[in-house]
């Protein structure tokens, strides 16, 4: 299933080492100004090779709009966008052709499909998210037009919370041939009350599915999340006065529908599975081997997941907005 | 959106104080033995009034199968099931007609729909889950036929972990006119490798959406979840030997696809929002009022959410199974 | 697949000789006045036993609304409706348990599902349409609120076009133990321009699918339909002046999108397959038998298909309206 | 809505005079051999400029596979394919920028979207079908692997049935600055019994929707179609003996499910609306104008619709096959 959304639908395609990645947006309103300039900055934030802390793969990630835009405006036709792969070094992966890298989708894709594009993880690569970010940028533009903003940040990496500690932690892991995970928070401000579609299209359910569907994400919480489990009802309820809510423990969502407050989402990101440290694994023939994953990998994927999580939240909100506006 | 699933689809209906709740299952295989006896035990586990720790509402929750079964076997036609509401005391809620109960969907439903069935929360009530549990029982039977079992348990309530502490904690809260939250874990054993549909139908994404869509759930994690954020990659990766994986930090899912190991899910449940303790809120006219929610409420909803979470996991797995079997 | 529509979604259930039939409407706008009185008249038009020309099965088809309506208004929750089967004579069908009736779904359902509810055709019975008509009545009410009306009529039966000829033709067939088919036309007036969703949700495509999905319908045409195949472009094009179109050969749809003119649909209905005349067929064991289908059957199904076709057109238009209004 | 199908899903994009058209196939089985060579012949059959009877637009329609294929086999990842537009003469259409061509989607797209890509009809152009044919070729390969073949042919053009008459008729129309319509028949052989999904995913309903969704198609019939309306039941029913059916008036579908016989579909195609003959129309400003549509147009579109209709039937059947195989 490579389509996401019901009203603002995106369909993505492409692999890490294929010729191109792309996305088709279906359900984008007509008459909206749209150009590559609206999308490129989001891709630039996500792309690798921009810091010593991230992968050295040097992709320019230049977006091309193939359809759906005429004389600078959307026409209601599907907006197809493409990003060509340029810095592909498939030979780096030749040694991994038959080996299941621990923590990756190698084993499961093989179990599922009986065939596997081993080059950089193929479709299961984080590179796939470039298409989501491109689509998310279009969603973001729609949200901005309604006064909604989305902003993500790193809360902690390997338990550390300051920028200095975090950078040090990542470097230490990198030098040890290891990697670290962390937690990020994504907040949407300016959302109207009323978004979300009970009982199986609840806003928090949609957000949780969207976030957990990002590779490396292993946990999602809304508002106080897991901490709510340790509280009394009298502490956790958000009381109201005539000016609105007195607190936002709920993270902006009650009964699966937005309250008009900030929507607050946190995600747990696992440490990058590709590490140089030797690990035990097996190959497709059943042989046990020691593996040391070389190549160009991020020692911590949290910084690069932030723009992806922002994009996914934008996609969920745009979709919910159109669902809600349907009945106005 | 009251439909859940793509291949094994359920559509639910009904409100807390309406005449009946029900579910239509579409995509149930033909030729399967099915009777009320397969479903009633699951409803009995979920239903209230069974302990001093839960709501006193005395619903028998007798299931009726309206269609889709002929001479004891499914025919491929949709299986509709109905549960009549019997112990309805709408008058209990008359005082709440215009008041937004804190922590409930009252305000958001009103914002969304402009109208609200105030009787027991209407459609936003936990009572709605009776239909999910009925459908889940059918899914469970399908899974059992393939050797898959699902088992949930309470991990902690208000930070306490033993049965004795938990009961004491709930009683203390109840006596104080308050409520408590907790954490539950749901595990599926016997799942084959290969379930889940990249990149937007990943198994963990589907599970996260299903769990977060249960009222009162504020966090979801798979495998080590948020704890993974604090680890090194070398600790978190599940290494393999020829006999399989050496650990299951991933919770049985890699790249959104099942590994064949146990699928491990944890959910954070907030404290029941209906409490007797006075709280500030407002009514639909903008007046600020003090509210003390009386009536028959669970001081802790975690025990009753366990069978619902099991049902949702069963529904996700049945759906994934049929998706996967499609291409065999 | 027992769900129809994307925005105004209906899910139906029930069989000819089961305990009840019903429908769940999901996506009905909140705040709309709705009662059984809005739906019953449509059921009464469709139901059998009203004339010597139709089946003698005496069903009252009393509609019950189970959910989604509170104090006379829809709440945004799913509207479930139920019709109990009362005049069930399953024993009439005992002789047909193992025999495939010619022209019916008996053979194909058995081939598909490996099991078959032989009582009156089970799920494949025309009785299933009672649920569609109930849902269609709700759609119709929505359309009426926007000035859209739908009206169907019989164009011809067995090649005859006047009321007198048609009645005579049906009676003659009935007396001969035979049946006759015919053609009906359904017209929607008052539709705004702009309905329909290129390229795979075109209005004419949705209508064609909806009509062909009615049992016994074997052909669908829009506007001039098959006659357009015999014309020059200069005859078939609808020219425009400043007051609008000069003709409506297109039947109110161009490029899959409504023009604002009348939407004109015609359907070909085959003769009822249940006839008393002896026919060759086989049973599930492969034995060839002569069959004479007794029981209470319509010698011509066209009159009873008209309200069903009206309902399906209403469902398509309501769905298209919400799709279009989404972006306003 | 630019996605078609539930199990074998295609999403198309692109306009007549944009930079490229394309399609993403989602749900294509993994491990299947696939290359451009499987698709190009179908595009060559559809493409213009191959005969004096068709449009002079000289597109080579070279297919490029962007994703989903690795070392010659599908991987389960989405298969994206692209066709660049080369022979684009947008200037031909400059005079039509503000004018609604009769019989085209110009007026309705403008009404729907408030903006219009006037170049060759933009998204409403028949050129959009190149993407359907590419996807259809993949579906066809899947069907062939199961012994199913699809073959279309022209039955008549402007009422004429022989090849000689038809060519003459088209030429005469062309010389008169006019166009003609016709009827085509598409037959699928080798289909197993059991395809189609009651009650809203019936095979005939899916086919009717698919066919009517092809531009210029105004009528669809299955089996005897409209002729069935003129028959007695005793003539129309397909009787059975132990070797199977004695006739195929039903066109291979009963109760919306395939019988195992040939599936027979006929479509009515209207005359090409682009004609040189002067016609009355209006422009976006409300001015009435005389229009003579010049440029490179097919005087009869029937021959070029045949491969498109074959492709759509292949897509429906592949989708139905996977739906049915899900439960095996």
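So that you can tell them apart, the chains are marked A, B, C and D in the order they are listed, and the count of residues begins at 1 in each.
Assume a contact is a pair of C-beta atoms (placed from the backbone, for glycine too) under 8 Å apart; a residue touches a chain by one contact, two chains touch by 3 or more.
Just so you know, these numbers come straight off a predicted model, no measurement behind them.
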Chain of greatest Cα-centre distance to subunit C: A
More contacts between chains, C-D or B-C: C-D
Geometric centre distance via CA averages, subunit C-subunit B, whole Å: 37
Distance between chain centroids, defined by C-alpha means - subunit A, subunit C (Å): 45
Subunit C and subunit D, separation of their C-alpha mean positions in angstrom: 26
Overlap residues in subunit B, where contacts from two or more other chains coincide: 1-3, 6, 12, 30, 76-77, 109, 112, 123, 198
Subunit C residues touching subunit D - in the complex, by the definition given at the top: 1-4, 6, 12, 100, 102-105, 107-109, 111-112, 123-124, 128, 156, 158-159, 173, 178-183, 193-202, 204-213, 215, 218-242, 246, 250-251, 253-260, 268-275, 277, 279-282, 286-288, 324
Touching residues on subunit D, where the partner in the complex is subunit A: 1-3, 9, 11-15, 18-22, 24, 26, 30-31, 66-68, 70, 73-80, 82, 109, 112-117, 119, 122-123
Residues on subunit A engaged by subunit C in the complex (per definition of touch): 6-7, 29-30, 76-77, 198, 322-323, 325-328
